[in-house]
Structures are given as structure tokens and as C-alpha cells.
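Lettered A, B, C, D and E in written order, each chain numbered from 1.
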Amino acid sequence: MTLQLAFDVVLIVTLVTCAWAALTAPDLLRSVVLFIAFGLLLSFVWVRLQAPDVALAEAAVGSGLTGALLLSTLNVMRQKEAQIAQESTDAARESESEQEVAVAQDS
Amino acid sequence: MIGSAVLYALGGVALFGMGLYALLAYPNLLRKILGMNVMGTGAFTILIAAAYRGSDAAPDPVPHALVITGIVVSVCATGLALSLAVRIQAVTGAAYLTPDEEDAP
Amino acid sequence: MPKIADQDEVRLTAGRALLLGMSLVLTLTLAAAVLSLPEDQPRLAQVALERLPESGVGNAVTAVLLNFRGYDTLLEVAVLLLAIIGIWSVARTARVWIKRPDTPILRAFVRFVVPLMPIMAGYLLWIGADETGGAFQGGAVLGGMGILWIAAAVWLPQRGGRALLRPLLAIGLLAFLIAATWMLLARGNFFEYPPEQAKDIILIIEGAAMLSIGATLALLFVGGAPQKEESS
Amino acid sequence: MTWENSLPLLIVLTSLIPGAIIFFLREAAHGVRTVLNLVGAFSKLVLIAIMIGGLQAGVTYETRLPLLPNFDLVLRSDSLSVLFVILSASLWLVTTIYAIGYLEESPNRSRFFGFFSLCVSATMGIALAGNLITLLIFYEFLTICTYPLVVHRGTEKALRGGRTYLVYTLIGGVLLLVAVIWLHAVVGAVEFMDGGVLNGVAQSQPALFSLLYVMFVAAFGVKAALVPLHGWLPRAMVAPAPVSALLHAVAVVKAGAFGIVRITYDLYGIAVANQLGVLTPLLLITCLTIVVGSLFAIFQDDLKKRLAYSTVSQVSYIILGVALFGPIGSIGGLLHLVHQGVMKITLFFGAGNLAETLGIHKVSEMDGVGRRMPLTMAAFTVGALGMIGVPPTAGFISKWYLGSGALAANESWVIGVLVLSSLLNAAYFLPILYRAWFKEQQAPWPEEHDFGGRLETHWTLLMPPVVTGLFALLLGIVPYILRSLVEVIILKEYIG
Amino acid sequence: MTTVLPLIIVVPILAAVGAFVLPRWSFPVALVGSLATVGLAVALAIEATATGAVRHTIGGWRAPLGIDLVLDGLALVMVLLTALIGLAITLYGRGYFGRAAPETEKGRQAVYFWALWMFLWAALNALFLSGDVFNLYVTLELLGFSAVALTALADKPNVLKAAMRYLIVSLSGSLMYLTGVAFLYGGFGVLDIAQLSSLTRETPALAVAAALMTAGLAMKTALFPLHFWLPPAHANAAAPVSALLSALVVKGSFYILLRLWLEVLYPLAGTFVPQVISLLGVGAIVWGSLQAIRQTRLKLLIAYSTVAQLGYLFVLIPILALERDNTLVLGGVICFVLAHASAKAAAFLSAGNILQALNDDKLSKLDGLMRALPLTVTAFGLAGLSLVALPPSGGFVAKWLMLDVAISRGYWGLTVVIVGGGLLAAVYVMRVMGRLFKQAAQPEVLSALKPVPRVMEFSAFGLALLAIGLGFAGVYVLRLLEIGARAVAGGG
């Protein structure tokens, strides 16, 4: 009984910690990966609570599919961000070189 | 609630609170979406814990069915939210909600 | 230019500490309420398990999902279709570009694993009537297959394929609606299956729903109406 | 549907339906619009005649439409309502003819005539209202329909005038709403009855019912332009002349005065109001209004503004009759309800003619105008003399009764007020008459229009003031016709 | 005869599926769906007036195991309201989206509009008829998703951000509601509203459920100070969508809130929770009206007016929870719902017409439109009358009932707020009307207006007439509300 209780406590603490880590990880990619891990842990919790159907749905949909969605979105958004950053540096360089030209012409 | 199910329900409550915090505290849309997902799992866990009736009795199937429905709804919500987030980033260049522009409709 | 990282600072500021405190208070209040919940509440377990034999299936969760509270599930399948419509209306383009496969290993993996998945999904569906499993789990497997397939770009939706896409997404919901309305007209109650045919009807609905769920989940991943390959 | 339960509704509808149709007419549909207006106005008069016939035979006409539990829309005929209905309906007919001549060339005519008819319907509703709620509904309805007429010209000044008007009347409306619901909450659904319905219950809670009375008077006082609630009236004078004539001589301000009459006689009961002691403050306010309105009028050079301040002063005579406890004063008040309407509309028609024909807007521009427009100015003169109270005009009759009423009520100081007011009236009207008749034309008319023909102006503009002017004279020479009706009303109120 | 009840949910879903699967036929499908749904609503009204409340046991299981659909007076009134406004929106949408082919951008939007709008209609009907707290959660999500997607349809930066904000609010509101459901189930063991009604007592679980559900639903209904998301969403969406959001969608979540306090949460009537709701309602009236007065764009002004008007819905909640049998109090709230829905839909549709003609909705550009668009301006004016609650209009009847409740119970503060709110509404309505009546500074602008399809003008005008006509329908609304008022709540 106490062993069971200790197991429960450890499982819950791990689960909650994992969720907190997922929410507050400074890097979003790490957040998402931790979230997927959290989903798998959660399925485990639900199996422990005699809810195997739900656990299966959570593992497949809640953790797996949502995780895939988050990962691909993060990927797309990072690419877009890089593209924007590239464009802005290009623009900055262009205006810089224009200035140089202007300076050259002045002198 | 029965035995250790209470502990799990308390865990669910904690998840709900944490998710709500993340939702409110972080401007990044992806993080807000993560927060909502965690909030949802908190609610689900409370329901699953309420369904638990000890290790030797069959659990209550009704909350289980509710949670399956909830999981599917929540993945749909995530999909919709992510699409909106991508579109917003494409249009405004930011992955968070910038202040509204003063433009004509 | 604003970046993802710009606004993704997770440091604990004063404002966040306040929010955290408020969340904590809420959590503790909810926790107190959890502790006050009655221990010996019979709830609906009793009645659901008692009437399980009338439902036509042996898995209590499936019975609740597809029979006792089949109406919830009908609306849920509607939510799935709605989500796809919403995503397609919001996203101008697909989020995941369907490209030619780049690694032979991935391609080979998909070639061998993917064909197994419909079988697995069908098995889950069939077994779900009496054991753990069901349309959602089966649909999730199908969706996973779709995602892998798309990720490996084995399947490129062509014109003909795209024309079938919308009906495929809708077929689960339609099956539900037809069955429920048919029962309404034939027996006077929405969703009232005759007990002897309940299992067959449920399996047919589940089969259709599984197809739609699979397609929906895969397309959630695509994140927009699938288009032909573009060179962006 | 029988005459008994549909006649009051039909009287309202005879202007409501033409009004609603007119909105959808094209601007150029001149003929249709005129026919609709006139058919509406004439059929209304016919229906009123039927109603009067029925009333003499002892029939009560009542339309009842339940809006909510304990909340009926009631339109009912009684002597008081008939008095107001006759006045408004006949003046509507005259004003319609006038407005056709006045406005046919200007833009947005459909809109104008549409709202104009709606205003008349609202006035009819106020006259026929059988309970407070109906009175409230039509009171607000009148506010709404008048606004577009005030801002009709769409200029910055018109919009400002309209805004002021709305601010005053909406606040008055809100006050009325609260008072009505409060009363409703205390005594339930009550309907107007000769002699009042609050006898007993009002005396048991004198403070509450006095407060409610003050709220009612304040609410209707806004429309009746009691000082200090009169500020909107002069500013609303930016409206076209027919609007000023009908609405600010008859419909709006009269609706306010009529409301106070109704509340005092048929809700509280004049005896109850006297017991509550609310009549004396009312008397003081009306006297103040009479004097202050006249004082302001003296200093106006703008003709319509001078008439507006005169209205402020004159409408209070009606309420003065109410505030003087005793049948003679009451008769004077009700007589003035009609007299003031007829006289004031004559004055506004005259002012409108001067503006439309010669471009005259100011008193200082009127030198010698009597020779240019003799008929118009003759009618104007009758109206002005009536306002001063010179016999044999109608104005003399009302002032006579008010004075006697004051004596009978042991408020002889009121006679002083009446005399002072008459002097002030003379002070602002006689100079106008003097300029018009006895001075030579000094400068060319500001903006002269040629309507052709031999008349001094277009016949549709000329006929209305002449007719109403004659009426003002007639009511003074043969006062019995009207007085007998008014006496019936007042006797019922005092005997109950 | 009870067969009609589920069909009113099935038919719009079928129409939605049809509009999606057959893009070329999306409008005809939606039109047929709309007409059929309106017909079903009328059939239900006839049935319920003849036989009383209807309870349909889905699957024949009966609550608590199954889910019951309940049609009582309250639900019927809401279904009818949705049908009337829905029909107008469908007609307006035809004018708004025109006949563009699905390949064009406008045609693409049209296909999604029809599918999403039909889903929204189905969601509303399902929500009004549901007798089960969890089923209500699913209908809420259905409603929220379709509303968010409809908002985002216009695809401009402000709209997308507004849609995102709306989605976040909507989802977190639903999750709070769902957690409340978990506590209700944990505490009382059933999900059926009628059964919960006889089981609930003042326990910590009920208090927590009440707090969570009320907060979540109030957020979705944009109760001050959680209204921040509403004005940008309602102001920037396409005109028919703005009308739907303001007239019907916010009423959906409010309806659940109302039902819960009437039938499940009433043991908490004496606590501070309903008082807080009422106070926030007061805040909404004051703040929303003041903001509306400050706006310089017509649609934003109307949107802030919605924030203010929604406040009125909440101020009577404490009295309602205490006096559950008092149809007059409920009648006041429901009459307000009806009046606001029709007036606000008319106002947004009129604003849409102005926007269509002028391609702008700045107040400073509206001078003289009365001459150019008389029907539209009249529609806006009539809607304004109802918003200010001047008689005769639906708004007047509603405020009459509310003031009657407030004054007869001696709530003077509430009286002042209700009355003052009306005056503030008069100020912002007049700011618009004054402009519309004004002479145009540049008459050439008026001659360069783009044409507005007749059907758009007439649907706005029709809704405005509805707002006025409700002023004469108070008795009938109250009579409908009496249907099954207690009988259904008593038990299944």
C-alpha cells in the first residue's frame, strides 16, 4: 500500500514537474519536446487510473499528433522568422551601401 | 474520491493552474497554445480521477468517454490556433499579438 | 523586426509573479474543493455498466461514446470537420509543403510500415467494440499514417485525389447524421438503435468516422488546403 | 373591430399611415404626397366628428392593446382629449396646406412630410392616451419624430438646435419613465379618470406622491418649456416655419401642458393635488415663467425667437389655470390651451410668410411691411393683440377667466402678474405692429421672391394665417361654443 | 410530432456539410438549409404552444445515462430569435458575397462563409436545446470555432489578431467551463441539468464550479472587464459576421450562464458571486457606453455599444437566481436579449451597407448619407431607438420590465444605472445620427458612392423593424416563456 502510494506520489510529481518544465523552458523547441514527453507520462497516469482507452487516445492524439502539429508549426515559424531577419539585414545592408555611395559622391 | 485518485485529481488541479498561468503570462502564441493544452489535460485528469473506483472495481466509463471527446476537441482547437498563429506571423511578422494598427477597416 | 524570441522571454517578472500568485490561489481553492468531493458518490458508473448489454457492444467506453452519449460524439465529429473548414479558411496555403522524399531510408520505412497501419487501425476499430480501442484510436492511427506518408511525400494529392478529399472528410459526420435521423424517423427517437442491430450500425458508423478522423488529423498536420507542389 | 374599440386608433392611424407611406415616395411625387396628406387630414376630422357625436350620445371609444401584463396601450376618448384632438387636427390641416406651399421646392420633402405626419400621430396619441404608459410612449414618440424636423436643414446650427432639444426632452422622458414605473410599482396599473384615481392612497404617503408629482411636472415641464426648463425652445427655432408653427405652437409645448393637466386632473385629482399642497409651488413657477418669458422676448430682434419666448410665457397660462384651485381658473386654462394654439400659429404663419416672401427674419427689418403684405400682417396683428389680451380677441377671454379664477382662489396677487405680463406682451408686440403699419420702408427687402399672381404671396401661404386669424377673432367674439365644452370637462373634474 | 426537435440541429449541419462538399452550390444549399431551419423553428413553436414543453430522449436512454434535448419556453424563444435573424443574415450574405465563383478570392470566402455560418446556426440550436452540461461544452466549442473562423474570414492583420484573441478567450473560457463540469460531476454525479437541479446544494464543489463556469462564460460573453477581445473582433469582421457575433454568438454563452443560475447554481443565490456579476454588469454599462461615445469609427462604436448592452443582461442575475419562478424578471432579461439581438444585427448590417457604399466608416465621413442611403440610415435609426430604449421598441419593453423589477424592489442604484445607460446610448446613437442628417460638406462624395444591393438594405431594414415590432410583442414573449417554466426543470 505504501509502496503504491509512493509510486503515485512520484508519478504525480514527475508529471507536474514535466508540465512546468514544458511551459517555462526558455527554448520553444525544448518546450514542445517536453510537452510530448508530458503527454506520454499523462497516458501512463491514466493507465494507472484504469482508463486505457483514454490513455491510448491521449498517446496518439493528445501527445503524438499535437506534438507533431506543434513541431511542424514551430519549424515553419522559425523559417519565416529567419526569412524576415534575412530580409531586414539585406535591407539594412542596402541602405548602408547606398549611404556609402552617397558619401563617396559627396567627397 | 477514492484513495490515491484524490492525489491525481490534485495533480490535475495543479496542471490547470499552471496552464492558466502560462496562458496569461507569456505573449508568445505557441506558448499560450501549450498553456491551453496543459489546462485542458488538467481538467481531463480531474475527470479521470473522479471515474476511478478502486483497483478492483470497474471504473466509471462516462468520464472516460467525455475525456476522449475533450481530447479530440482540444487537438482541433490546437490545429486551428496554430494555423491562425502561422497566418498572423506571415502577415505581421510577429509570433505574438502586436497592438492594432489604426487603419480603415 | 519582431522575432519569436523577442517576446518569448520566460523570466519571472513582477507581473508574472503576481499572475503566478493568483494562479496559485486559484489552484489551492480548487484543491480544497477536490478534497471536499464525496467519496462514495455512485455517479453514473452503476447505471452505465448495468445497461451495457443493451448497447450492443462490450466496451463500456465505446458504449457511452457511440450509443448512450452518441449525440456528443456526433457533435464532436462535427467539430473535427469544422476545424478543417476553419483551418482551410484561415490558412491561405498549406503549412507543410508536400515535397519529394529526400532520404531513401525514410521512404523505405514508410513503404513498409505504412501499409501495416490501416490493418492496425481496422483491428483497433474492431476490437474497440469489446476491448480497449475504437474509432478515435483507429482514426488516430490512420492520421499518423497520413502524417508519415505526407512527411515522406509518398502521396501527392493530385486533382482527382483532391476532389475526393472533401467527401472523405465529411463521410463520418454524414454516416452519423444518416443513422441518427433514420432511427428518428423509423423508431421515433434520435439515435435509438434497435438492440439487435446496434453493434452493426455502430461498427459502420465507426468505420466511416474512422476514415474521416484519420483524414482530418492528417490534414490538421498539413495545416491548409493541400495544393500542388510549389517551389517556395 | 367595432367603432367603439377602433375609432381612437383610427384617429391616430389617419396620420401615421400616410406618414409611413410618404417616406417611400420619390421626391418628385408631389401630387401623391399632397393627396395623401390632405386625405389623412380630412379623414381625421371626419373621424373626430363621429367621435364627438358618439360622446354626446354617451358612447365611450376605447382601443386597448396589451403590451405586457398590467401594461396596456389604451387610447380613449373623453372630453379633455377631444378638446386637444380637435385643436391639433384642425391646425394640422391648415399647417399641411401651409407646408405644401412653404416647402415644395426644397430638398428632402418626403422625409419632412413623413415625420410631420408622425408628429401629428404622436400628438393624437398624447391627447387620447388613457393611461400614463400610453402617454409616456407617445411623449417619447413625439420627441423622436420632432428631431428630424428640427435638424431638417442639416446645417451646423440646426444640428446644434436639435441636439439641445434632444438633451432636454430625453432627460425629461427619462424622468417621466422613472416616475411612471415608480407609480406603477406602488399602486399598480392605473388609468386616467375624471376626478383622479389616487384619492386616499396619495394622502397616505404624501411625501412620495408629492415627489412623484414634482417628477411628472418636471418631465412635462420640459416640453411645456417651464422656466428654467425652457432653454431648448428658442434654439429649436432653426426649424422651417411650419415646424415652428405646428410643433412649437401646438404639438410639443401643448403636449407638455396637456400632460400636466392630465396628471393633475385625471391622475391625482385636483382636490388631491390641492391637499398635497403641490399646487402652490406650481403656481409660483408658472408665474415666474410668464414674467421671465416675456422679459426675454423683449430683447429678441429675431422675430421667431421673440415668438418663441412669447410661447414660453403664454403656455404657462394654461398651467396657471391648473394651479389655481377652483373651476373658473381651470376654465381659463383650458380655454387658453385652444386660444394660444390658434393665435400663436397665426403669428408663426405670418413670420414664415415674411421670411419666405421677403426674406425678413428680424424685427428691425419689418419697417413698412404692412403695406407690402396687408393680409398677412392683419392676421399677425390679430394674433399679437390676442396675446396681449385686447378684447374682442380670444386672448382676452382666457385672461378674463384666469383673473377671475385667481380672485376666486384667493390668490389676488396673480392678477398683478397677469397685468404685468400683459404690459410686457404689449412691450414686445406693439413695436412690431408699429413698425409694420406706421413706419416707412427703410431698406429694400432682404430677399424678395415673386410668386406671380395678384396676391401678396402664394395662396397656400396666405390662406392659413388668414383662416387662423379669423378663428382667433371668432373665438373672442363668440366664446360660448368652446366654453360650453370646457365647462363640461371642468365640472366633471371638480365633481368627480 | 416530437420528431422535429433533433432535425433543427441536423438540417443546418447537413447544409454546412453540403456547402463544404459542393462549393459551387454553397449558396443554394445554405439557402435551402436556412429556409428549412426557419420552417422547423416555426413548427416547433406551434408544437410547443399546443402541447407544452418537449423533452426528447436521444437514443431512448433518458437522462442521466443519455442526453436529453429540452425545448421549453426559454429555448424556444432563443431558437425563434436565431431563426429570424439567421434568415436575414443569409439573405444579406447573398448580397454581400454576390455570385463570385469559388476560384476567386471572394468566392473562396463565400464558400467558407456559408459552411461556417450553417455550422454556427447548428451550434446555436444545439446549445439552446441541450439539457446536459457536458453536451453544452461541445456545443460551446462548436459555436466558438465557427465564430472564430468566421471572424478570421476577412483576412487583414487586425482581423487575424482579433480572431486569435477571440480564439484564446473562447478556448480558455470553455476549459474553465469544462473544469466546472468536472466538479459538478464529481460533486453530484450527474450531467443532466434537470437532475442536477434537484441535487445541488451549497457545497464547496458547487461554489468552485459556479466560479469557474461563470467566469468562463462571462469571458465568452465579454462581460466587463473581460471584454477586451470583443470590440476589435466585432468591428473588423465582415458585416454579416459582425452582426452574427454581436446578435447571437455572445447570447449563446450568456444563455448557458442564465440556465445554470436558474437551474443548477441557484443554491448560491445568496452569496457574493451573483452580486459580483451584477456589479460587473454595471461596470460594463458605464465603461462600454463611455468608450462607444469616444469612438471615431462606426463599427467600433457599435461594438462598444455591444459591450455596454451586454452589461444589462448581467445586472439582474442575483434577482433571477433568487426568484426563479418570476417570469417577469426572466422576461425582462430575455426581452432585452431579443431587442439587443435584432437591433444590433440591424445596426451592424446598416454599417456594412455604409461601408460597402463609402468604403470607409469613419464618423467624420458620414455626413449627409441620409439622402444617399435613406433605407439603410432609417434602419440604423430604428435600431438606435431600440438601443436607447425609446418607445415603441423592443428595447423599451425590456427596460420597462427591468426598471419595474429594480424600482419595485427599491434598487435605486440599479435604477440610476439602467436609466443613465439609456441616456449614454442616446449620446452615441446621436453622434451617428447627427452626422447622417447633416448636409454633406462634399456632395460629390455622395454621388460617387458604390451601389449597395437591395437585398442588403432590405435585410437590415427588416431586422430594424423587428427591433421595433418587439415593442408590441412583449405579451407573446412572456407567454412563450411560461411554456414548461417549472415542469421541465422539475425532473426528467
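Keep in mind that, in the parts below, a residue touches a chain if its C-beta (ideal position, glycine included) is under 8 Å from a C-beta of that chain, and two chains touch if they have at least 3 such contacts.
The structure displayed is predicted, hence computed values, not measured ones.
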Taking each chain's centre as the mean of its CA atoms, which one is most distant from chain A? D
Using C-alpha atoms only, the most centrally placed chain is E
Most distant chain from chain E by Cα centroid: D
Inter-centroid spacing, chain E versus chain A (mean Cα positions, whole Å): 37
Between chain A and chain D, the Cα-mean centres are separated in Å by 76
Using mean CA coordinates as chain centres, what's the chain A-chain C distance in Å? 22
Interchain centroid distance [CA atoms averaged], chain B/chain C, Å: 16
Where chain B touches two or more other chains simultaneously, the residues are 1, 9-10, 14, 16, 18-21, 28, 30-31, 46, 50-51, 58-59, 62, 64, 66, 68-69, 71-73, 75-77, 79-80, 82, 84-87, 92-93, 95, 98
Hunt down the residues of chain C that sit against at least two other chains at once, touch-wise. 1, 3-4, 8, 10, 30, 34, 37, 43-44, 48, 61, 68-69, 72, 76, 79, 82-83, 86, 90, 92, 95, 134, 136, 217, 220, 223
Would you please write down the residue numbers of chain A that are in contact with two or more other chains? 24, 28, 53-54, 57, 61, 65, 69, 73, 76-77, 81, 84
Would you please name all pairs of chains that touch? A-B, A-C, B-C, B-E, C-E, D-E
Which part of chain C faces chain B closely enough to touch in the complex? 1-4, 6-8, 10, 15-16, 19-20, 23-24, 26-27, 30-31, 34-35, 37, 39, 43-45, 48-49, 60-61, 63-65, 68-69, 72-73, 76, 79-80, 82-83, 86-87, 90-92, 95, 134, 136, 213, 217, 220, 223-224
So in the complex, the part of chain C that touches chain A is made up of which residues? 1, 3-4, 8, 10, 59, 61-62, 95-96, 128, 132-134, 136-137, 140-141, 143-144, 147, 217, 220-221, 223
List the residues on chain B that touch chain A in their complex, please. 4-5, 7-8, 10-11, 14-15, 18-19, 21-22, 28, 30-31, 33-35, 37-38, 41, 44-45, 48-49, 51-52, 55, 58-59, 64, 67-68, 71-72, 74-75, 78-79, 82, 85-86, 89-90, 93, 95
In the complex, go through chain B and note every residue touching chain C. 1-2, 6, 9-10, 13-14, 16-18, 20-21, 24-28, 30-31, 46, 50-51, 53, 58-62, 64-66, 68-69, 71-73, 75-77, 79-80, 82-84, 86-87, 92-96, 98
Counting only contacts in the complex, chain A reaches chain C at residues 24-26, 28, 52-54, 56-57, 60-61, 64-65, 68-69, 72-73, 76-78, 81, 84-85, 88
